[in-house]
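Here chain A shows up in two complexes: once beside chain B, once beside chain C.
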Partner chain A sequence: MLAYVVRRIAYGVVVVAGVLLLLFVLFFAVTDPNDIARRALGDKVPPDVIEQWKANHGYDKPLWPWQAADNLLFDHFRRMVTFDFGRSDADDAPIVDRIRRGIGPSLVLSVPMFAAGLLLGVVLALFVAFFRETYIDAAGVFVCVLAMSISILLYIIGAQYVVAKLLHWFPISGFDPAPDVVARFLAMPVLVGVLTGFGGDVRFYRTVFVEETSRDYVRTARAKGCGEGRIMLWHVLKNGMIPILTRVVLAIPFLFTGSLLLESFFGIPGLGSITVDAINGNDFSTLRTMVFIFSLLFVVGQIAVDVSYSLVDPRVRLE
Partner chain B sequence: METWVVSNIVVAVLVAGAVWSGVYVRRSEMWAQAARELWRRSPVALLVVSLYVGIALVDSVSWIGGDGVGEDTVALHEARSPIDRLFADFREESYSAPLAAVTFSGETPLLHPGTHLFGTDLLGRDILHQVLKGARIALLIGGVTSLLAIPLALFFGVSAGYFGGRTDDAVFFLMSVLSSIPSLLLLIVLVMVMDKSTLSVCIALAVTSWVGFCRISRGETLKLRELEYVQAARALGIGPVRIMYRHILPNLMHLVVITFVLMFSGLVLSEVILSWLGIGVDGSWGRMIDQARDELSRDPIVWWNLSAAGAALFGLLLAVNFVGDAVRDILDPRTLRENL
Partner chain C sequence: MTAVLEVEGLTTRFPFSGRRVPIVDDVTLSVGRGQVLALVGESGCGKSMTALSILRLVPKPGSVDGVVRLDGREIQSLPVSEMRQIRGHEIAMIFQEPMTSLNPVTTVGAQVVEAIRLHEKVRKPEARGRARDLFGQVGIPDPEARLDAYPHQLSGGLKQRVMIAMALSTRPKVLIADEPSTALDVTIQAQLLELLRQIQRDTGMAILLITHDLGVVNELSDHVAVMYAGRIIEEGTREEVLGSARHPYTTGLLRSIPALAPRGEKLAEIPGVVPSPDQWPEGCRFAPRCARAFDPCPERVPRPSGLSDSHRVCCHAVAEELAG
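Coming up: the complex of A and B.
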């Protein structure tokens, strides 16, 4: 068991190193540091100002280890691994502070969205699976496909226009962490987030549940006189939760990262908004830090899933 | 070579390819049966998809000169498609509501009263024209990306599955790294570091979307290479490349078809998000939606360009999703077995 955990973590470390290398290639080797400087400072800047800016931001060293012992590749690895992310290319603010401030709002939005989406998805899927191969089932699947065919952008614009602008139920955008008003600001992004996700989720959960209903244990339960409702809620739900939980646990790292579009449109100052601002402002140092953090969270989450699986199911360790 | 010449050649190749696959499907019993079943299950969705494909193909054929230019002298030297010719000299000064007879702001009559089915935009361009042209962009994004991503995924997936060992480790590592980075972010980063052309958007989409199918084809190859007929081929001394090409690849084709259709809507949706970030493709529905976003706050409200682009996008994705579901149900042997 311990050997498996160690091996799994070691592989995770290698994958993170691969991500770092890929980021280095994209952000340093493909994108010229002079280009980054010019994007930050503007086109009509004397060369010595650009050199000064590059020195301040640590872009002035050679790229590769074979060019010099003190190079950007080692710098990049060292800084990312020690969480010393440096300053933003756009406004020189420390990136770490920005991330620390962003995690809270991201979690405040994503946790209720995640919980509501999961609950709604499972309940609807159970309902549809209970009426499998009837018109209710067909209508349910149809609605799911409808929901999946609409772009998230249209959901957001629609919600902001109809709910906020015409009906005045909720503010169009904005955020206030005070507990008594925070729900007013979160209602719409949570609603839109649940709407965009539920089509795919319900269909997936439904497939899982319908597949479970053809198993032998369901037939046994039926043979001993168990009602259909009880079979659904007791036997099928319990067994169906295994594949569902896999999908759900893998989504947990993304709770921290929030949602790029929802946060940005609804003015929630989370990590998603920070990332979008970095994209719009050509802020490469913030952007690569965010990509690294998201990937790190994902790898850690995956290791957690694999290890917990191996605790439950010893066969996994043999692979 | 001029882009419009290339585009005409591509159309010719595509039509020839479609005819060739049609003949092939007719000859092969399995594919012919699948095609009949698909038509039986979702005729409406298939017709809608064909309509979009038809519009896109017609819009891809273009030539210089000819009539219908009117007073626009610039258009004389541009290659224009039949759709452009249909809408030539059809501009207004500014906004026009759908089928309106007078201008948006005042009481002056329009140049072409009551003819703009979906209205016009700020510059007076017809929305229907733009929506029709968007079909080509959407199919281009889905098609070119799949054309890049699927062969890439097959190459890596099949060789990893067949050779195993070091090759497999390397491909598996590459897949782990790429799938650890949230795909939307990787997509954005790739488009940002490349130039912002249609092709680079497609390349970026391909890089972020090939991993899923690579995993599937690797797994399937692992299963197939242990089958008796593959072992028999190996025992006869047939080389690995020939085995992969003749004995493994044909057994992955149904997965290729399923993946192609299922991948499509995701790609088009991703482009909409890229457009919102200002790094999408010119003339796409995503770009139209993004540009029309602020017009909702005008007074009186300009709703028609957003609705038209949104509806066109929704129609295509809905039809493709239905076709995708039907294709998966028909071709996926696992579900086939369950239905028997």
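Coming up: the complex of A and C.
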């Protein structure tokens, strides 16, 4: 197992290096550093100001290794790999500080959303799978497909209008980390996040569970006198967890990155907002940092999925 | 002979091209205490469905009619919760596919413990001890260690032994064994049949053995019922059915077995194939393939004619012979 994980980490390094190279090509080879500077400073600035800005941000070096030993490509890799992310192109704030401040709000939003979504998804899926091929199941399909078909933007705006503006139950947007009020700010985004996610989850989990109920071991369980409830909660759930894990474990690393749309619409200063602001503000140095972190988390998630397989399925051996 | 399990007029219907077709049609059986009744027939003739119907485990959208008696008590209309107390407790069942019949992510020991604890109020360590004894009883080497094995770590023969241990765990009155040895290789088959025979001798349990293998029937059974296209067409003691079969289908089957066929002759075959359930003829379902078919066969369902107290045949030709 250790050898397997080491090999997977080696693959992961290749993936992340590929992402970094692609980022470099897109941000610095396709877009000229002069353009980046002009976007940050405006069009009508003298050339010496631009040169000064590039020097401050370390963008004044030649791009490629064959042009000079001290070049932008090596610099890009060195900075990312050593987590020396530098300063934002937009406002010169240190990127590391900003990430450190953003992780907290992202986690307090994404962890409850993930836990509630997973619990609701599995429970509802077991429920409709238990009542498979009845009206309850059909109604479940209708509700799930409806929930999946509506855009997240409609949920956000609808919730803000009805729940916040008309009913005044929760603030429209904003964030305050104080423990006694934080839940008021999180209730709506969590609800919207769960609503947008559960349709697809329930459909997927239901398919998994229904497939399991037709297996021979379920027939054996019935023949030994097992009740349907116990069959669902013990035999089927345990076997169904194997495919479900892929989806779930892969999502765990992204709890740190938060949700782009929810955070920016509800004004939660998490990593998702930082990313959206970076995109809107032509903040290349922040954006490349976020993409790099996403890719690292993705690789970690992939390895976690494989390891978790071997934990729930005794047939899986990592070699 | 006191019957432990009696089945009367068991009929299981499934929708088939717009009609509800009886896949199992008016099946009547009885298994005596300490007896082995073999239910024989080709694949798809309804043997397994008969077994599932007895336990009311027929998958949707099937429906079951008829009377099932266990020790004289009618069980076919019991509420589900009481039926569950009978399944695995008074009537246990083992299946054809040992490879897939055990839960792959749970240890085999835990699965036997579950079977015990579903029906008896015993603590886990005690149930585990009983599971270990059962493993020893069914010939699983090193039972203590095997309790913690997962199904994929055991061979097919061992898995089937686990299934048998699970079935025996609550000392059922009846064991339904649905092709218990078919998926295993020949030497393992022989060991398994020997095990079943020994268990049956030791416990006095009644066994309903479902098989298509007449060799197995010869080894193990006391009585034999032959099924064709959902109906029982001949039944009797093993000697009567294997030694002096009268139904053209049974005689055809027996002549097609190398070990039983006369030496030096070409093996016989029954012409044609078993029709699918929506194309079953009105009268005798074997009529289209039968060399002795005559006028009434395609129209009227043959009633059983008794050849002895135990030997009954459903065939117009045999009935006419007896009459005249």
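Rule of thumb we're sticking to: the second predicted complex is superposed on the first by the 304 of 319 C-alpha atoms of A that agree within 3 Å, B and C clash if a C-alpha of one lies under 4 Å from a C-alpha of the other, contacts with A are read in each partner's own complex, and residues count from 1 in each chain.
By definition in this document, contacts are C-beta pairs under 8 Å (C-beta built on N, C-alpha and C of every residue); 3 or more make two chains touch, one makes a residue touch a chain.
Predicted, not measured: the structure shown is a model, and the values here were computed from it.
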Looking at A:195, would you say it contacts chain B, chain C, both, or neither? Reply first, second, both or neither. neither
Once chain A of both complexes is superposed, is A:235 in touch with chain B (first), chain C (second), both, or neither? second
Figure out whether A:221 sits in contact with chain B (first) or chain C (second), or with both, or with neither. second
Once the shared chain is lined up, is A:128 touching chain B (first), chain C (second), both, or neither of them? neither
Where does A:153 make contact in the superposed view: on chain B (first), on chain C (second), on both, or on neither? first
Touch check for A:271: first (chain B), second (chain C), both, or neither? neither
Tell me which partner touches more residues of chain A in the superposed arrangement, chain B or chain C. B
Which positions of chain A touch chain B when the two form their complex? 11, 14-16, 18-19, 22, 26-27, 30-31, 145-146, 148-154, 157, 161, 165, 214, 254, 257, 260-261, 275-276, 279-280, 282, 287-288, 290-291, 294-295, 298-299, 302
Note: in the complex, chain C contacts chain A through residues 55, 57, 60, 81, 84-89, 92-93, 95, 97, 100-106, 114-115, 118-119, 150, 152, 163, 166-167
Touching residues of chain B toward chain A in the complex: what are they? 173-174, 176-178, 180-182, 184-186, 188-190, 192-194, 265, 269, 272-273, 276-278, 286, 289-290, 293, 296-297, 306, 310, 313-314, 317-318, 321-322, 325, 338
List of chain A residues in touch with chain C within their complex: 133, 215-217, 219-227, 235, 238-239, 242, 312-315
